[in-house]
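Naming follows writing order (A, B and C), and every chain is counted from residue 1.
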Amino acid sequence: MPLKSIVVTAIVAFAAGLVFASFAGYELFIPGLLEGTWITIQITVGGALLAVVAAFIAALARMYGPAPIRWLASAYIEVFRGTSALVQLFWLFFVLPQLGVTLSPMTSAILALGLNIGAYGAEVVRGAINGVSRDQWEATIALNMSRVLALRRIILPQAFVAMIPPWGNLFIELLKSTALVSLITISDLTFRAQQMNQATFRTLEIFTLVLLIYLGISLLITFGMRALERVATGGIVRGRAS
Amino acid sequence: MVRFSGVTKRYGDLTVLDNLDLDVAPQEKVAIIGPSGSGKTTVLRMLMTLEPIDEGVIYVDGKPLTHMESNGGLVRANEKYLRSVRGNIGMVFQHFNLFPHMTVLRNCTEAPINVLGLSKAEAEERAVELLELVGLGDKLGEYPQRLSGGQKQRVAIARALAMRPKVMLFDEVTSALDPELVGEVLNAIRMLGKQFQLTMLMVTHQMGFAKEFADRVCFFYEGKIHEEGPPEEIFNSPKRERTHQFLSAVLEAG
Amino acid sequence: MFWDWDYAFDVLPVLAKASIVTIQATLAGFILALVLGLVFAIMRMSRNRAVTGATTAVVEFIRSTPLLIQIFFIYFVLPEFGIVLDAFLAGTLALGIHYATYCSEVYRAGIEAIPRGQWEAATALNLSPATTFKDIIIPQAIPPVVPALGNYLVALFKETPLLSAIAVLELMQTAKILGSQNFRYIEPITLVGVFFLIFSLIASAAIRCAERRLSTIGKR
């Protein structure tokens, strides 16, 4: 999103936050919401790490693996992209225990959300690798590099820069989908919001504040990814062909 | 040094190279000329193993390049075998193909370190020497984006040489350059011819350079060598009509 | 023993019935998303900078926050202002508004891809801005973005299980109720997953087909 709109949004959010925080009695629900925020952040970070690892493994397996591994990777990507995140979460939480595998709610949450975003991430990784021009591969052949070396040292570093913006979007999708974990008894921000709502009936303030907290984390992710992009390009003008 | 034996290449119905036989002696410099679509670039790309061949065998230094011996016969080479024979050959591309995320120096040390197993110090010493030779000793820390086309192409030459190939391939290396930058790249190639014991194959549109530099000129037409011989003979008294037509068209335009 | 076919066939008709609610929510939500998305897109291109800024802020805000909270917001907060919606309506409204922000980006890309010459020709013919949009820009901008909109239809469809959080009796909620009644979640939840997978695969095949057809039209 354009920088100007971020600034506008942030100012609006800040003003709204001030208004709501000045309401009397906020101490009743603020601490609970902050605890929930911490859980939400933990799940987001855990899920993001898993998503990146899963995405790279799946994408590379799908592109360069031997046939059975390629099929496995394709199946993973299609199944996790084709079914809904909530179905995946419920499957891990309700179905797996009946098959004899019991995971803690936190583990189920990170696993389901991380693998879900990872499936989308795999397509991002694949697209970025395909976006590196064929000429670069030919240069590595002319220098007698192995495919693994070429991928690791020449292709992936160039693909990496192109991946950063779409990954930023995926991380925001991940953050948004963490709200689902409130439905499997994890006391994340969304869960706390409902809990505090039932306890205090300050419905408007609580839900508005919760939306603003999510917005704040989204903006942090956006700024973080921007900074990462600047570092990755290293101040050099990006150019494909050289 | 390099021998094409009955090599054929097709793209679908189109036969790009038709039963090509070509022998290149050690340290011979062969210029390949011809109209576009005559298969001349394909010759280099197959020799660099960038394109598989459909029929025939290519030998480099007496060993089959595209095929390996197995049970007394020849079978198509696998990746491992290709890597073991490909080290003899280096290539410079029309569009440079430098690695944009690496400095000039790193472009020239990456493969020597990771493929030849040189130490970083050795690789850098060799790279600096070569870069100085092509006149870029002051650009070691620069990124390719900041170089002119001629400078990029000279880096590409140094990068290929850093792998100590016996055969160097030049694929229209001046075609993507502004006219005023062509000279510096040709000078670098002239210098290589004197300083190193290299076999060279070059596809080029620079007829003047081919005439002065090459030991032999091959004129390609419709997937075959239509006429070949010493440069004076090809350029001054071509025997065949097509060759004559092509040369007069090119010389008129150039 | 892992999979009980008899039980699966027992729950299948119940789930099939519930899938109608899922499909209703998808279609109603998507129609709202298409219309509201176009409104957002046009407002974001307004010459009035206050309108542009406000629309941008609203769109970014909705896109950056979870759909689930937005569903709760509409379902729990609006009644405080005297607007009481039933669960299906509240959920569908939230889905539609949420995806309208995505659709607006798609429309915007489509509109921005129209060559400047088209705008200039419309000005030269002295068409009003409204007519220019309605007759010149929109008819050219929409066909190329149909596949992208289709992708969001599939995405919206896959988010309908969120309506189970406010007890709309769609597929997921029905599967959960079946599971808790019979103490067996394996079959109902897996069947729901299979249902989504099949529909998504069909939809993506249809979108690819549309993309191909569009690209051949483009070449003519």
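In the analysis below, contacts are C-beta pairs under 8 Å (C-beta built on N, C-alpha and C of every residue); 3 or more make two chains touch, one makes a residue touch a chain.
Since the model is a prediction, treat every value here as computed from it, not as a measurement.
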item	value
Chain with minimal offset from the mean of all protein Cα atoms	A
Longest centre-to-centre distance from chain C, chain (CA-based)	B
Length of the line joining the C-alpha centres of chain A and chain B, rounded to whole Å	46
Whole-Å gap between the CA centroids of chain A and chain C	20
Euclidean distance of C-alpha centroids - chain B vs chain C, Å	55
Where chain B touches two or more other chains at once, by residue number	none
Set of chain A residues in contact with two or more other chains	none
Partner chain A, residues of chain B touching it in the complex	48-50, 79, 83, 86-87, 89-91, 93, 95-101, 110-111, 114-115, 143-145, 152, 159-160, 163
Contact set on chain A toward chain B in their complex	135-136, 138-139, 141-147, 149, 153-154, 157-158, 161, 236-237, 239-242
Residues of chain A defined as touching chain C within the complex	1-2, 4-6, 8-9, 12-13, 78-79, 81-88, 90-91, 94-95, 98-99, 172, 175-180, 182-183, 190, 193-194, 197, 203-204, 207-208, 210-211, 214-215, 218-219
Touching residues on chain C, where the partner in the complex is chain A	2, 53, 56-57, 60-61, 63-70, 72-73, 76-77, 80, 158-162, 164-165, 172, 175-176, 179, 184-186, 189-190, 192-193, 196-197, 200-201, 204
